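Should a chain be cited, it is by its letter among A, B and C, assigned in written order, with residues numbered from 1 in that chain.
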Amino acid sequence: MRKSKKMDKSSVFEDKKVTRRSFLRGIGALGLGVAASPMMGKLASAAVPKGPLKLTYWDSENPQMTPWRKKRLAMYLEKHKNITVDFQSFPFTDVGKKVSVGFATGTAPDGFTTIDFFIPSFTSRGLIAPLDVQQLGYSSLKAFSDDHPAAFVAGAMKDGKLYAYPQWWYGFLNYINTKQFKEVGLDPVRDQPQTWEQLGEVAKKLTIKQGDKFIRQGFKFAMHAAAWTVIQFNPILIQCGGAWFDKNGKCSINSEAGVRAMTIRASIIRQYAAEDPADTVATHPLPMMDWLRERCSMFYSHPIPPAAIRSQNPIMEAEGYYMPVQSPGVDPNKRYASCYGVISVISATASRDKQEVLHDLLRFMYSDVIDAWGATKPFLPARKSGWADHPDVKNFPHLQELIKSRDNGVLLPRSVVYAEMTDIMHRAVQKVVLTNANIKATLDTAAEEIDRATEDFYKK
Amino acid sequence: MEWVGMLPLAALTFLIVLPIIWMISTSFQASEKAYQLTTEWIPSVWHPENYPNALTRWPFPRYFLNSAIISVSVMLGNLIFCTLAGYGLAKYRFPGDKILLLLILSTLMLPMEVTLVPTFLLIHKLGWLNSYKGIAGPILIDAFGVFLMRQFIMRIPSEYIEAARIDGAGEFGILWRIILPQCKPALATLAIFAFRDSWDQFIWPLVAVSADEYRTFPLGLVRFSEDFANPPNEQMAIAVLATIPVVLVFWILQRSLRTGFTLTGLKG
Amino acid sequence: MIKWQINYRLRLMLWGILFISPTICFFIIFKYGPMLWAMWLSFTAYDMVSTPKFIGLYNYSSIFQDPTFIQSLENTLLYIVVAPAAITVVSLGLAMAINTKVRGARIFMSSMFLTNILPILACCLIWRFLFHPHGLVNQLLNPLGFGRIDWLTNQYTAMPAIIIVTVWRFAPYFMLVFLAGLLAIPNEIYEAAAIDGSTGTSRFWYITLPLIAPIMFFIIVVSSLLCARIFLFPYIITGGGPGGATRVLSLLIYETGFFYMKMGRAAAVSVVLFVIVMVLTIIQMRAFAKTEEH
């Protein structure tokens, strides 16, 4: 029964004769009438070229997203038999490299998946094409902006043009182990940490030590990848009133606010002794492994799929003794985290025909948001409207927290040397957290390195 | 004397081999065991299904096949061209031969990182990306192999060659019938290390391959370790499987191996 | 008669050139060509997409003022000096241990050699687990009185950890080379020395060592070259951390070129690495020539 509803969904979007009423009935929208109209406004697909056309699309591999994309692609190709798509997927780190090499050697794909923080490195070199929101199914840029989180829009626009089509967009949350909370006499809802100090205190209560060994750490930051380091540090910096770059473009993480932010970052270890960064069983595939194995009570992470929890700790998933809460803030009323997401972009080198087809393909792929959600939950669709109130969706555990985190999230820094910048920050955090380095000195060096990296980039 | 020294030596060997034993033991454990961080050497519960599980998560049989094709090609390439060049340098005098030897050896000082991008661009221009010749091509001949064969062949008395020439043998004939049979230890050494080194190759295939059908197993293993729910036990299973071909090649050629060593480091 | 001799010599010369030419062509295309191209690249700014832009010595002046590069340089120098020395000493020790007429020495030797046969990636993955704060290494050291050592996350132990893995992997290989050399020393020399009343240690210093000096030189040079190129160990085991403590130049080159897309800068770092290796080799060759004279 559910399946046929989903089929209805796609036929709703494909069949241009549908009326607004049947659409609204189909998704049981409550109060989504206004939001739905921009999508209804222009559903006519782009004039898809009729002749044979071959496209290449490079996807960033994800065990949930990739099979779903392939499925949607197959559906699209069924309808448009004149089009063939060479769809390849690679590990995320590979895609970036291969795309650059592709651009260098004239073998770039026509479209590819990437993450939003890489947009500047492409737009600064004119490598990706601006998108036409009307071909994506929106009547105007404003309609598009209204239907997507503000942070995304801000980060994907350049000179008034939109450069990325988002599919998934989400923010970080503090995942807490409610059973362990109750064990030490805390109430997961009332006592959830709202500020970083509270986080430290709560973490301290939850920590169990035996000599120099932590049996249980109160809280953990993931330390395995540079991208995560920046995602974690970003909101703290902004909450302290700091910024990555000042108005002249010079790196300002070593400002007073930056030092305060880094001190907060290190405080769980240094001040509250509730975290042991060297003691982790986290691995690349599962950075939240410590939390899954109940070696720590709280973990700062993107939405965690129930399947991941089930794979490592089936009891925790079955009994549901966990919950994501909003990130702590410097101000208890401003508890936001970083947000980011998976996007598709179109190469500037793709021919006009191919660009049109890609627009149409992307529009089709993500026209069934409910289906997307079903395949990739809990990673949230980037779109605001058309799915969250659906009966199949709205009872998903903690959905409102996830959405709140997404919509309140702050953008990651925009830099043309994002990869290098994250590596520099990662080393800086390692120095502070693992080798107990002086915070101001470390940040000074890091800021210098970031400035040098940026200067290098423009030396052309 | 014979038995007394054995115990400490056995203990030393055991200590050295311990990580390998750990690898094998872990490959049969359940995934939780890897995170318990207290080593259980003999698994209380054996999980041989780690092996077929690991092989099916990613197309490892294909990856292993690709690695095999590449490694055999590189091994053959080295055997053929290093011998030719080694023979040429050892037994022939021509203007510039010393300089050429030095130049060849100097390529040993060129890490792949220096030549990675230009090599990639070159392979792309040749249209060899994502093909066996593209992956095996740039690593087909190793200067170390040339040096090895040169050193070894130099020790073969030139009288045999002179005599064969007087008898009217052609140069290739001399190489084939006189030199090669005496080269078996060096050839075995060369074969083994060419195979082993190309089996281990990581950086070059990483750049040269973007299509799954041509991935080699190290690339597969790293992808595997970045996958969502991949357990370390299965990683170890793949690692064990990856060790077997090299062990086999070594085993087959090992008798010739030991004597091959003597000729590389000594003077002359 | 002379004409025939000249023809003969010429013919042989041409054959020699013929034999060596495929290899030379190969190296021109795949080694020298790219190397020169990389040297040229080092004077440019090149992100692989736009055409390279000539910027003179900027890359070089920039990297030598960059603390990241200096740190990588120091790490590499430390590694290139310490690791080959450790490998040489350990492999000599292992060779001498095997060379005693102990029963089953052959089996021990073959078993040790397994560390060299194991795929290098497997090596990395295994040791990453073993060096965990509660991993096997610490489990074994604990009863000996050592506290917990954060091998991979402490800036003072990260590089030693990488060196340990390096020695573990390469010493057995060089052990075999040493063994070949030790076996080549005729017994008569030792017997004569024994008659003269020399002790074990003096036998080692005055007989064994000088006789295997050529092999030792070979091992030091080859292991230095191997260590200059090492990439996977720091890449997989520590990711270059903590805080860049194990980031060696090859890792920096790879990241600068393929993650930061700064090929010109990466080429400059490669040239520096190449120079280091050349200088090291020259020094070693000079040192060896000197000891040869004795």
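Worth a mention:
By our rule, a residue touches a chain if its C-beta (ideal position, glycine included) is under 8 Å from a C-beta of that chain, and two chains touch if they have at least 3 such contacts.
Please read all numbers here as calculations on a predicted model, not as lab measurements.
Under the touch definition stated at the top, chain A and chain B share these contacting partners: C. Chain pairs A-C and B-C differ in how many C-beta pairs they share in contact, with the greater number at B-C. If you average the Cα atoms of chain A and of chain C, the two centres end up 42 Å apart. Rounded to whole angstrom, the centroid-to-centroid distance between chain B and chain C, based on C-alpha atoms, equals 16 Å.
Residues of chain B in contact with two or more other chains: 37, 207, 222, 225, 232.
Contact of a single residue of chain C with at least two other chains is seen at positions 48, 132, 134, 258.
Looking at chain A, residues 97, 101, 104, 281 sit in touch with two or more other chains.
Residue ranges of chain A in contact with chain C, taken from their complex: 96-97, 100-101, 103-104, 121, 125, 127, 212-213, 277-279, 281, 417, 419-420, 423-424, 426-428, 430-431, 434-435, 437, 445, 448-449, 452-453, 456-457, 459-460. Those residues of chain B that touch chain C in the complex are listed here as 1-3, 5-6, 9-10, 12-13, 16-20, 22-23, 26, 34, 37-39, 81-82, 84-85, 87-89, 91-95, 97, 100, 103-104, 106-119, 122, 137-138, 140-141, 143, 146, 171, 175, 196, 199-200, 202-203, 207, 217-218, 221-222, 225, 232, 235-236, 239-240, 242-243, 246-247, 250, 254, 258-259, 261-262, 264-267.
Chain B contributes residues 35, 37, 120-121, 124, 129, 206-207, 210-212, 222-223, 225-230, 232 to its touches with chain A in the complex.
Every residue of chain A that touches chain B in the complex is listed here, in rising order: 62-63, 88, 90-94, 97-98, 101, 104-105, 107, 281, 283-286, 289, 293, 307-308, 311-312.
Those residues of chain C lying in contact with chain A across their complex are 45, 47-50, 53, 55, 58, 62, 65-68, 132-134, 147-148, 150, 152-155, 241-244, 255, 258-262, 265.
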